[in-house]
Amino acid sequence: MRSSVSVDKTLTRSGLDIAKIREDFPNLGRSMRGKSFVYLDNGATSLKPRQVIESEVRYYEEYCANIHRGVYEFSEIATEEYDSIRAKVAHFIGAPADGHVIFTRGTTESVNVVMNGWGRKNIGAGDVILISEIEHHANYVTWQQLAQEKGARLEFIPALPDGSFDLNNLDALFDMPVKFVAVTAMSNVTGYKPDLKTIIDTAHRHGVPVLVDAAQYASHHTVNVAELDCDFLCFSGHKMCGPTGIGVLYGRESLLEEMDPFMYGGDMVVRVKRDTSSFKPLPERFEAGTPNIAGVMGLGAAVDYLQGIGMEAIAEHEQHLIEYTLMRAAEFPDLISYGPADHSSRGAIFSFNLGDVHSHDVGSILDQEGIAVRTGFHCAQPIMRLFGIPGTVRASMYLYNDIDDIDMLFTGLDKVRGIFNR
Amino acid sequence: MRSSVSVDKTLTRSGLDIAKIREDFPNLGRSMRGKSFVYLDNGATSLKPRQVIESEVRYYEEYCANIHRGVYEFSEIATEEYDSIRAKVAHFIGAPADGHVIFTRGTTESVNVVMNGWGRKNIGAGDVILISEIEHHANYVTWQQLAQEKGARLEFIPALPDGSFDLNNLDALFDMPVKFVAVTAMSNVTGYKPDLKTIIDTAHRHGVPVLVDAAQYASHHTVNVAELDCDFLCFSGHKMCGPTGIGVLYGRESLLEEMDPFMYGGDMVVRVKRDTSSFKPLPERFEAGTPNIAGVMGLGAAVDYLQGIGMEAIAEHEQHLIEYTLMRAAEFPDLISYGPADHSSRGAIFSFNLGDVHSHDVGSILDQEGIAVRTGFHCAQPIMRLFGIPGTVRASMYLYNDIDDIDMLFTGLDKVRGIFNR
Amino acid sequence: MNYEEDLYKEIILENYRSKKNKGAIEGASFHAEGANPSCGDDLELFLSVNNGVIERITYDGIGCSICCAGANLLCEALTGRSFEEALGIVAQFKGMLLEEQEPDFDDAISDLEAMQGVKKYPVRIKCALLAWNTVEGILNDAK
Amino acid sequence: MNYEEDLYKEIILENYRSKKNKGAIEGASFHAEGANPSCGDDLELFLSVNNGVIERITYDGIGCSICCAGANLLCEALTGRSFEEALGIVAQFKGMLLEEQEPDFDDAISDLEAMQGVKKYPVRIKCALLAWNTVEGILNDAK
């Protein structure tokens, strides 16, 4: 059971009232395998607050209608809501205009829209696509396949053994014919947050655009694409308290303007003649067909929810959690933890192995104790190769996690050792 | 107000208890512009029954987790549900195996997956793509753009002035180097349902695969892809009582097997090496990234809901509605209705113009009377060119509509005439 | 709020039905197209200009009653105006529909106030303004 | 239901830890790989066969305790068997985990019954069966 003497633990340094936040998440009241539920798989997807669920229900129950199409009141309301959430998201990430925000299914689609629209047009034989070995498959396989298709080459920002980057000779990488850079803002395996500013500025000095995979980052940190000066930014609603099936692609206007649409269909054309069509301006050109309207409503509620709590406070709270976690991890001599030792460049993701126990066994025993973690290679085989391991156990935290959750994780790990050291 | 002496009107020939069905749809209890709400824009999207909304909420509140990834109970439940809904959908459309059902965002994405994966590979300069002038932009612009890209030619199944097909010389069309046929199962403008069997059999005799756009059809009729023998079938959840952001692509196994994935990313790869990757078998290969999990749950509930009522009964009920509508339309001498006179080849879509009143004015006045219809070209400019008009007013019906709704529509049209004939 | 009095008042319907300013001008000094694709409004404007004065202005095409009434009212209001005057009227008309400006048109063109009711129907505002935005483009380009 | 007694019982852990049948066989008569990518199980099986009898069988690779225990039990159970006998044992083992079959193994291989508890943990069944499905492939191909 969750301890009741944890007042000082839930009122963290960041000043967030975690106990109160937890009340917003219906899942957290549940039990799993008969134990009270501890959710530490936020890297895979986040839980959803009541406010987000309700906003979807409200759309379905009160003004369910397609957008941009109806002459009647409910369709007008739906359209206004939809457009206003685009503006809200643009503001959330500091985009200069609403039209630079395109709704997709998630990070994966966002990356693929850029690969198809910009990559297929601009990358040719012998060109280099610069990525890294710590990328998620979404931002790795996509560029690898483009390279294969075009006869281009995949090259990597050098990674140190702890999975962080060595940026000392970054400039020299651009002696290669680099045409595009795609890099993560936060590793989903180690929580490592590269120095994006340096990467972007260097790439731009060489006239090369940069795509940032913010799937893990945007849910926990303030993002400002104007300051960061990235060319594309991709993230998913479901990892930031929002619904499944909705994500965002931010793009620099000049690049979006030259891109081919990813899909063709209704709502993205102005005029269809027999053999040619003219397309709508941004962002509609990239949103063919009926979008995930309820998903957009939920995403809007998620942004409101996160902003109501404050992204800075969330980041600070999580910094506290990861520091506490790494401190407790040091008590386990047989625990190998992955990622940079420097806490300040890490988000709240804790990847580890316990002696030679297979991660699946660790995860399975934790499950039996009511604790949800993820095991395996986390859609990131290249970083596993870098570490020379088949997989890890990953505990990934979010705003509603508290010190109790971490303590329960370590109690669970004691149990694992008990079983395997019998 | 909805009349209360309508027992005989709501208990239709099909034996459906429409009054009871209406109770499942929260929207139908609402009012619009202060009038009781009449929803006749089902061609754009359908309303959602409580059961569907609740299934999404249940996923979010009770076992919110990512699929195919977790070692813990909630992720297992989510994965099992997700997989079982694929099986349910496969059964719903008579697909020979679950793996032939791919979840997409909707019809538009489904068509684009085929265009990219099969079309880009198999269609070249000089080839002919055979479509029709009655297609929705999703199934028109997509092929048009592929034709442009490849130097292929777009040709059309001949259409009669009423928007139905002339299939007399169908065989001769295949004297052209036809490589692919893409055709609607039901026009979203006229409700016309072409004789697909003849088209598919003829195409197959010439070794040409056929894609069927069932966006309008699948929500109202029993579909059996095995009997129909089509090669691809596309439809959208949101038009069949399901959530937004979820749709289906059915594909014949041998064709899916040779297709390139539409997107690359997590969950669709087996092994990622430095420069190459191997992909999972069907259907995962076509579902990169986190899917719209809640949307799939809702789609499952929608299929259950529709099957609980019975697709045959729904089709019969709607046949009754369109016959009644066309009968009442005949009372208006200045009403021009589009589509074939033969009711048996039509679904419950009623497109018309009232004298020379612009469709936007008609729709706007109906809106003020609480009646939701759609106006304009309905993402189908080619058929508008065929009819020589800029647009129509479209009333499209679904299982919860009744004779009262139609009567209110015509009362609304009386109002329009009153205003414009002053 | 009564849409018959706001949107479909007599004066709007009269302007909609009027054919007086409808049709093309052969050899027009200026010509431009404007469309609201989602509404099905699709207009062309023709201006014949002499010595900096709009001598005649007509519209052609397809549009709903609000769109056509707006176009006809525009033709009536801008005939005989200098570009400067015309732009002033356009600004005032747009201000009436898009901002909180109370209209204060000259008596000669006070019919324009009939359109004020459209403001209560946000989706129709772009119908009312189609011709006005189009003429504004012509006038600004010509400056 | 107690997972320590079902999944992590002593006999399973012993089989998991045993190195007796681990490693490659040089010049093996048969060799095959099997993987559960989502679990991180990745095994190879090696068989040396003489006169239709499995003389030695080993596994190598990485897997969770259930997967490795399943592989070690397999090696123990199939050594010295003919292909026919081996396929029978495989069928019985799979039947125990996938169907309602009560196990009834020979005394010599009754340790296999230790895996019955895995049945209560559906996601672990594929771990337990990885080696068994792999060997079944080898045996069927060889027939």
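As written, the chains take the letters A, B, C and D, and residue 1 is the first residue of each chain.
Rule of thumb we're sticking to: contacts are C-beta pairs under 8 Å (C-beta built on N, C-alpha and C of every residue); 3 or more make two chains touch, one makes a residue touch a chain.
These numbers were taken from a predicted model, which means no experiment stands behind them.
Shared contact partners of chain B and chain D, listed by label: A.
Separating the CA-averaged centres of chain A and chain B is a span of 32 Å.
Look at where the CA atoms of chain A average out and do the same for chain D: the two points lie 39 Å apart. Note: centroid distance chain A to chain C, computed from Cα atoms, is 49 Å. For chain C, the set of residues touching two or more other chains reads 38.
For chain B, the set of residues touching two or more other chains reads 69, 71, 271, 360, 364, 375-376.
Those chain pairs judged to touch are A-B, A-C, A-D, B-C, B-D. Chain A meets chain D in the complex at residues 357-361, 364-365, 368, 375-377, 390-391, 419-420, 422.
The part of chain D that touches chain B in the complex is made up of residues 35, 37-38, 122-123. Residues 26-27, 30, 32-33, 37, 41, 44-45, 47-48, 52-53, 56-57, 60-66, 69-75, 105-109, 111-112, 115, 136-138, 140-142, 144-145, 147-148, 154, 236, 238, 243-246, 262-267, 269, 271-272, 274-277, 288-295, 360, 363-364, 366-367, 371-376, 379, 381-382 of chain B are the ones that touch chain A when the two sit in their complex. Those residues of chain A that touch chain C in the complex are listed here as 68-69, 71, 76, 270-271. Partner chain A is touched in their complex by these residues of chain D: 3-4, 7-8, 10, 13, 38-42, 62-68, 121, 124, 127.
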